[in-house]
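The structure's right below; bear with me while I get my questions together.
Read from first to last, the chains carry the letters A, B, C, D, E and F; within each, the first residue is number 1.
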C-alpha cells in the first residue's frame, strides 16, 4: 500500500491553471497533489549572444524554491551567493526538455525564459515544472502569434514529465515526498506527446536496479505522461 | 483624477488570506490591488547567536520578488550573487516593523523568519508585505501557543503600513505602480494599531516637499492604516 | 542633561575643510564633533550607460568606514565580499540627497562620484557625509567651470542633513554615538538651503513615536540645517 | 563507419595506471583513448558534520578540467567564482556512483575525497573518471587496511561507467568528442561488477529516442562495463 | 636631475605623526612627500585559530586605498567582490615585515591587526605603510604594557622600508609616482634597525638589471632606512 | 648535510618534456625532483582590451595546484570563490618573467596564456613553473611561425628561475619542501640566459639576512640558472 493510498500506476491529482500571472506573456500554475509550481514565460526581444546572426531563438529555464515551500525552511540560495548544484541540474533539465519540442528558428532571434518557482514542494517538483512550463510556453507562443511576432507555432509536440520509483520492491508512479525519501530507486522521465523519450534519469538510492525494473518504470511513465498530455490539451483549450 | 479612479484617500481593494501555506507555522497571502505578496512565518528553535543566553527571541524578515512579478522580467538576484541595496533596505524595514510590536522575551530563545515573496508587483510591495507579515506572524504565535511552546502572545499591538505620495500636487493614499512612477514625493508609513509611528520614510523624487505636505500624507496614512488594521482583525478572526 | 553637556537644540562643533585632497576635483573633510568624514568628488567624463544620449549627467555616492573608525575594529566589507545593507542604504541616501539639488542636464553626459570615507565615527556619519559631500561637489563644479567644462553652476540650492532623536523623553539635535545608542527614536532629516524637505527618515527604536514628537524633531532639524548651511557658505567662500 | 574506425561495440583503448601520485592514499591515471583523467583518493580523518555520531563514513568526489585539456582553452572556473552547473552535475554523479558500491559504516567516521582532474578531454570524461576513481578508492582502502585503520574492505563491488549514443541511427559505445558532438542521443551508464544499474542518464540531443534505442544502448553499455571491470581487476592486481 | 629635484640618495620629506586615531590602541599617520597612509593598530583578545594553545600571538596587516587617493579615481575593491592580487601581495608583505621584529610569544594569545589605509598615493605606499605601521604597533604595545596586559616589549628591533630604482641609468632612493612609472627597475627593501635584511624585492620593468645595480640600490636603501629609523625614534619619544 | 644528500650548489634532477599536451600550441612537463608542473601555452587571437590598437601582444600566466599535489589535500580555490593571495603573487610573477624576455610587438595583437598546473608539489613550484613555461612559450611561438602567423621569434632570450635559501647557516640551491620549511631565509631568482636579473625576491623567515648572504644566494642562483638554460636548449632542440 502506498503512503498516499494510490494504486502503483496512479498519478496524484494534477491541475494546470493557465493565465495566472498578469504581466507574463505565458503562465501556468501546476499542481501535482501538494506540489505547486508557478511557471511564467517571458519573451525577451534579444536572443543569447552565441546565436546572434543565426536566425534562431532560444528557450531557457530558471528554477527556484520559495524558502518555506518545504517542510522545514530552506535557506535562500542568495545567502550563499550561488545556485546549488541541484538547482543547476534542474534548470538545465527543464530547458533541454522544452527545446526538444521547439522549432528554434521559428522563434526568430528572441529568447523565452521560463521561470519555474516552487510555491510548495511535496516531491516531483522538477517533473511538475516541466509539465507546467510547456503550458506557459504554449501560451507565450499564442500571445506572440496573436501579435504577429511569429507566424507559425514553434512547438512541434507536447512534452511532459513524471517520476517513478521502486518502492518496497514495487514500481510506482509519481512519488510524493514521503515515498521519494524511502524509495530504493528514483527515475525521472521526460516524454513527448508522441511517446518519444527526451530524458531518462534513473538513480539507485540503495541497491542497484535491474533492466527489468527500468523497463517497468518506463512503462508506468509512458502511461502517466499520456495522461499529463491530455490535461495539457484541456488546459490550452480552456 | 487618479489613474485608478480612486479618491485621494481611498485604498486599493485589500485582501488578507490566512493559512495558505501547508508547511509554514503561519502564512498570509496579502493583496493590495494587483500587488500580491506571499508571507510565511517559520519558527526556528535556535535564536541568533548574539542573543544566546539573553532569554530573548528574534523576528527577522526576508524579501524577494519572483522574476516575472514585474511588467518586464527582472533578473534574479542570484545571477549577480548578492541581494540588491533595495532588497536589503526593504527586508530590514519589515523586520524592524514587526519587532516594534513584539515582546521579544516572550518568544524565548527562538527565531521567527518571515519570508515575504512578491508574486505580483504593482507598487507598494513593502507596505503590503508588512501588513501581511503581521498576520503570518500572528498565526505563527497562535500555533506556538496551541502547542504550549509559549504561554503569552508576544504581540503587543497590530502593525500595518501604507504608502502615500504627492501626485500632481495632491496628497494621495496607497499608490499603484503607475502613480508611484510619476509622484513628486513618496512616503511610507508604518503605524501601530494604536496609532503610534514606527517608521516614517519620505523622499522627494522631484522638488523638495514641505512640512504641510508631510503632515497631509501622515493623516492619510493614519486613516489608511486604521482600515488595514480592521482587515487584519477580520483575517485573524476567520 | 545630555551626555555631551549640550543643550537639546545644540549642534556639536562642526568644521568643513575644503580642498584637502590633492588629486580630487573637489574635496571636504567634515567633522561633527569626533565624527570625521573625508568627502571627495571625482569627475568622470562618461556618464552611466542608462543616460547615454539623454544629455543629462549623474551624481552618485559611495560610503565606507575605515575599519578602526569605530570603538572596536569593524571587519572590512571586502572580507565578506559585498557591501552590507547599511552601506547600501547610506550611499543611496547620499546620492539622492545631492541629486535633489542638482540640475543634471547642466552637467552634460558626465558623472560625479562623491566618495564619503569615514575616518572616525562617533554617530551621525551619514548626516555629516551629506553635509560635507555638498561642499566637495560644489568645489568640483567650480573646478569644472574654471576649465569651461560646464558654463552654469548645476547646484540649485544647498543641502545638508542632521539627525535628531527622542532621548529620555526629550527631543534632541545631532546625537553622538552614546546618545544615539540609548535614544528611543532616531530620525534623519535632509533639508535644502531654502528649508524644503528632501528626506525624512524616522525610526522608533523602542516605543512608537507620536506626530507631535515627529514635529518637534523636524523643528530642531530645520534650525540645525540652517546653521550647517551657513557653515557651508563660509567653507566655499574661504 | 565511426570517425575513429571502431566497431559500434568497441571501446577505445583503455588504460588504468595505479599509484601515480606520490602523496595520495590512492591514485589512478585513467585513459579512454585521448581522454586522460588523474584520480586521487585522499583520506581525511574527519567525516562530514551531518554524519557525526553515526559511525558511518563518506565518499565524495570533485571534478575539474585543466584549462587546456580541451581543443580551445576553457576559462578556469575560479575566474567566475563558482563551479559551473556541468561541474556540479558531474561531481555529484561520481560521488553517488562510488557510494553505491561502498559500505559506509566500514569506513568509520572518516571521509575519502576522490579528486578527478581531467588532463586531456576527448569525450567521456565523466565515465572515465568514475572508472578510474574506483581504482583510486580501492587503493586507498588497501592503504588503510595495511595500516589497520579499517579491518574489512568497504567495497562491495566494482563500479564503472561508459557512454553510449545513437550516431547516424546506429547505437555505438564509448563516444569520443567528434562523435559525441554529432550524436542524436547521448547516454551515460554506471553499472556494477555484477551488472546492476547505478545510474542511467539518457538525453535526446536532436529527435527523441525510443525504448528500443534505450535498450540497444543499455546492452552495449553492459558489455563495455564488463570489459572495464576486467581492466580494473588487472590494475589492482598489478 | 630627478623630477622632484632631489639628489639620488635623498628621501622625500617624511613625517610620522603618532596617536592620530581616537579609538585605536596605536596609530600613526605617515607621509613620504605627498604619499599619506593612516596606520592603526587594533588589539583583539582572540588570536587566530591556528595558534590556539600555542601561547603565541599574531600580528597581521590589511591594506587598502581610498578610491580617490590616486590621480584618477580607482574603483573600490568591494565592487568586484574581492581584493586584487596587488592588495594581497602588499598586506602579506606588511604583515611579514612586522612579524620579523616581533617576539610573538611575548604578546600572548592575542592578535594585533594593523590597518594601513592610503589617504593619498604618490608612489611608495607599501614602504610608507611598513614604516608607519611599526610606529602604530609600538604605540599599541606601549598601551598594552600601560595596562599590564603584557609585561615586556614584544618588539625586538625597528623595521622600516624604502623603495629604490634605476632611473635613466642612475640608482635613486624613494621614488615618487612620476619617477616610479618611468624607472627601468624597481626594488623594495625592508630592513631592520640593526641593518638586517627582511625583504628584498627587485623587479626589472624593462631590461634586466645587474648584480652591481642591485648592490647600488641596496646601499641607498640601507642609508635611507637608517634615516627612517631615526624618525621612528623621534616619533615614539614625542 | 642536506636532507636530500645534495651538495649545497646542486640542483635536483630536472627534466623538461616538450609537446606533452595534444591540443595546446605549446606545452612542457617540467620536473624539479618530485615537483612536477604541466605548462601549456594557448594562443588567443584577441589581445587584452587595454592593448587594442597598440599593435602589441601580451603574455600572461595562470597558476594552480591540483588538490592532492601536496602532502595533505589542499581545498580547491573554487571552494572559497577566489584565488588566494599566494596564487595571485605567483601567477603575476610568472607572467612578468616571461614578458621580460618577450618582444611584445612581434606577437601582434594576440595573447598567449601559459597555464601552469602543479601536478605534484615538493617545493619550488613557482621556479619550476617559470622554467617550464618558457619552453611551452617557445613551442607556441614555433607553432605560430610554422603557420606564418608571426614572422620573427618574439623571444629575445631564455629565462629560468630557481630558489635558494640559508639552511642551517649555509647557502643552498633549489630547496625541496623539507628544506624549504626549515630554512631561515628563502629567495627566488629569475634570471635570463645572458645572466641579467629579472626578479629577486628574498624573505627572512626567521632572523634577518645579511648582504653577504644575499650575494652568496645570488651566485648559487646564477650557476643554477645557467644549468637550467642548458636544459631548456636541449628540450627545444629535441
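FYI, contacts are C-beta pairs under 8 Å (C-beta built on N, C-alpha and C of every residue); 3 or more make two chains touch, one makes a residue touch a chain.
Computed from a predicted structure; not experimentally measured.
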* Find out how few touching-chain steps suffice to connect subunit A with subunit E. => 3
* How would the subunit D/subunit F interface be labelled, same or different, where same requires over half of its residue numbers to be shared? -> same
* Asked: Can you name the chain that lies farthest from subunit F, using the mean of each chain's Cα atoms as its centre?
  -> B
* Farthest chain relative to subunit A (centres taken as mean CA coordinates) -> E
* Asked: CA centre of subunit A versus CA centre of subunit C: separation in Å?
  -> 51
* To do: Can you check how far apart subunit B and subunit F are, centre to centre, with Cα atoms defining each centre and the answer in Å?
  => 59
* Structure fact -> Residue ranges of subunit E touching at least 2 other chains are 81-83
* Connecting every touching chain pair, does the picture come out as line, ring, star, complete or other? -> ring
* **Circular arrangement of chains, read from subunit D onward through subunit F** => D, F, E, C, B, A
* To do: Mind listing the subunit C positions that touch subunit B in their complex?
  => 81-85, 88-89, 91-92, 96, 100, 187, 191-192, 194, 196-204, 207-211, 213-215, 218
* Structure fact -> Contacts from subunit E onto subunit C in the complex sit at residues 21-24, 27, 34, 38, 40, 42, 44, 62, 64, 66-73, 76-78, 81-83, 113, 115, 117, 119-120, 122
